[in-house]
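For reference, chains read A, B and C in written order, and residue numbers begin at 1 within each chain.
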Amino acid sequence: MNWRLIKDKLVERSFSLLLFSSLIVIALILTGLIVKSVPLIQAEHLGKILTESVWSPLKGSFGFLPFIMGTIWVTLISLIIAVPLCVLASVYLVEYAGDALRSMVLPLVNVLAAIPPVLYGVWGVLFVVPLLGQFVGPLFGVETTGYTVFAGGVVLAVMIFPIMISIMVEVLQTIPQELKNASLSLGATKWETVTKVILIKAKPGLLAAVVLGISRAFGETVAVLMVCGNIPQIPKSFFDAGYPLPALIANNFGEMMSIPLYDSALMFAALLLFVIIFGFNLLSRIILNKLEAKAS
Amino acid sequence: MHASTSIQTAETQDLINLSTPHIQIKDLNVTIEGKRILKDINLSIPNNSITSIIGPSGCGKTTLLKTLNRLVDDTKGVEITGSVLVNGEDIYAKDAEVTHIRKKMGLLSQKPFPLPMSIFDNIAYGPRIHGERNKEVLKQIVERQLRNVGLWEEVKDRLESSASRLSIGQQQRLCLARGLAVQPEIILGDESTSALDPISTQTIENLLVELKKDYTIVLVTHILRQARRVSDHIIFVYAGEVVEFGRTEDVLLNPQNEITKQYVKGFIS
Amino acid sequence: MSNVKKRLFKEKVAKVCMQLAGITITGSLFFIVGTILYKGAPYLTWEMISETPKGGFYIGKDGGILNAILGSLYLATVSTALATAIGVPISIYLNVYVKAGSFLERFSKLLFDVLFGIPSIVYGAIAFSLMVWMGIRASLLGGIITITLLTIPIVVRTIDELLKTVPVDLKNITFSLGATRWETAKMFLRYIKPGIFTAILLAFGRAIGDVAGVLLTTGFSDNLPKYIDEPSATLPLAIFFQLSSPIPEVQGRAYASALILTFIILIIVICTHLLASRQQKHKI
């Protein structure tokens, strides 16, 4: 028997074992999450948990609405800030900037991606929170400590710049030059070509980038936790404190064991996060894959 | 082997002298990233006729075409000296406004590139950009141009559907209609039938011959037979220089220059 | 011709907006690093990186965060090594052995893609429950397991992307020379070697900076990490805890700790860039 073939078979067996073990582990994890959440769902109605706004575990009331709303507020604010900035910057990098500028800026953006979230949190506490509390708040006539969903949104926005820009730039680079020429040769200005032709053609890819940005923003725990105030209330304005879902899990795991159903509640929160982010990631990957297939 | 003088036949010279040429190229030199692509081009393109630019691959014919509507501006590392006069105005003058110039030229590129919108919006794109908002006027423009290119009957019931659903031959006609909608004076074609099947090719060629009554047409082609079929004049470009320029029959059947002779050798009409 | 003037004006305005956007984004990087540098430098002393917290460290007395620095380095190194040892084979199996386009391939790749996006807090919560159920207390081992799980999808996906850059012809030539799949895989690995180092470095950077994963599973300790089944300090948590102190001295030390972490990350990023430029040299 050929030794090479034996080696090959050996490798095949062992590697496939790794793959299938990891698949099994993932399945076990998901099952575990679900199993742990079941007690809570059995005790209270699923619909009630998701729409109830009182969070008072000691009294046995587990309303998740403030956290869901907190997460939504923070994510929305970050998107409002980040999406226009990223689209504008990506268009500039691909259509207007010279090669030198492009090769300098893109690596810088990647460095942003490497910075650990806790450092963003530190920056948020050092800069964003005081800025909001001392300048922006009073500007709008609001009294605030600065620990707000707005702060959370700003910090998140900076955190999702890198992933959105890198995908948007890639997408914009696939637009064929002849399409742009077709518009230009009709007498359109470059900007008109961008808004009426390029962005329209790139819309699916840009959307996928945004969806990925959303899923990143949803799951970010630490940076937001440090600046958003951690008060379980439904935010009514930008300057209210909030309490996003990940922060809930992070802050309370210590008390989990002492209060009945608390651990199940936190596992449910984790399950909720898992499902939402799973869904978003799936969606954007499908869109991106479809685009990749069309391009080649 | 260098061709240092370009040869213009007497007939062509007469034609040019008759009216102010639409397009005059004077001392045009184009360098891309240090490499000289076009050298000392001096030409006048005759009005209301079809002029084909022929030559081997890489000789600069597409670059020459692109200098006419300044699409060459976007090429990396490009340097242009000389002037191109359209109706007497130099389009490379310092204060020349590019979108205005491009409006005068319609470009038909090699592969049809419909814009990502409906058939109607494709044709209305140009007029809308240049300020036309009136819905009725736009409808008329769309219908007129679609009739011009013979597409009206085929698409009149689905003007709102996406242009990418058309066949490739239909798409190229759409692009022609789109270009005509901005009322150019000059039509530029960059190997505009090489992606099409023989029947669509014939349709486009017939259209161009029809259109030369009202437009000056400059085509780049590498198919000598096509040049013979449709053009009135031929410019032969070799290594970035104009080697020969004259009436189609003269250049193709009785070339004066050695290089031209070599290139068209074996071409039997 | 005011229509043309209006359109050109629109373009000029748009250009300015775009440049502002670009400046804001790139500027934020410098801003963040700069703020931490400014606030942390005054508190960065030799003690900080060479000593463990002495009594009363968190209320302003002497000591340093050596426990956290070592804890993080140890944790990140072991996790990254494990994740690489598991992730690279999985990626090779998926790309060289499994039939391209088969259900298994598409399903697994999609799964790992999605796992890549799951936040570390979820991993942490799961690991925590697991540990409670198994009776393991918060320790370095818990942290290692969590971070490894977290890092595996990162490695798998990055190697996936790298393998995509291998020219199809190379694969065909190798097979037609009679090579086995494993020999082909070895050749791919050689082709993407610099990329693999980059991937490992990036995974390391992620592992060392992660808070949510270690928060629930590694615990905290003022001692240097010695045994794997004991709780250990980590840099991000050290920053976190010091920051929540009301004493300015301690807060300042939090910024200094953040600065240390920043340095480590910057070193990783620079190494990544150096490696990436070397990969370009040998590309076909």
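The rule is simple: contacts are C-beta pairs under 8 Å (C-beta built on N, C-alpha and C of every residue); 3 or more make two chains touch, one makes a residue touch a chain.
Chain identities (UniProt): B = Phosphate transport system ATP-binding protein.
The structure presented is a predicted model; accordingly, all values stated were derived computationally and were not measured.
The innermost chain, defined by the distance from its C-alpha mean to the mean of all protein C-alpha atoms, is A. Across A-B and B-C, it is A-B that has more C-beta pairs touching.
Farthest chain from subunit C (centres taken as the mean of C-alpha atoms): B. A separation of 16 Å divides the Cα centre of subunit A from that of subunit C. Averaged C-alpha coordinates give centres for subunit A and subunit B that are 49 Å from one another. Distance from the subunit B centre to the subunit C centre is 54 Å, each centre being the mean of its Cα atoms.
Residue numbers of subunit A whose C-beta contacts span two or more other chains: 189, 192. The set of subunit B residues that touch two or more partner chains comprises 99-100, 129-130.
The set of subunit C residues touching two or more other chains comprises 7-8. Only residues 4-5, 7-8, 11-12, 14-16, 18-19, 22-23, 25-26, 29, 32-33, 36, 84-86, 88-89, 91-93, 96-97, 105, 107-112, 114-123, 125-127, 158, 161, 165, 189-192, 194, 212, 215-216, 218-222, 226, 246, 249-250, 253, 257, 263, 266-267, 269-270, 273-274, 277-278, 280-282, 285 of subunit A touch subunit C when the two sit together in their complex.
Residues of subunit B touching subunit A in their complex: 69, 71, 74, 76, 99-100, 102-103, 105-107, 109-111, 113, 115-117, 125-126, 129-130, 175, 178-179, 182, 188.
Listing the residues of subunit A that touch subunit B in their complex gives 99, 176, 178-179, 181-189, 192, 196-197, 200-201. Note for the complex: subunit B touches subunit C at residues 97, 99-100, 129-131.
If you check the complex, the residues on subunit C that touch subunit B are 1, 3-4, 7-8.
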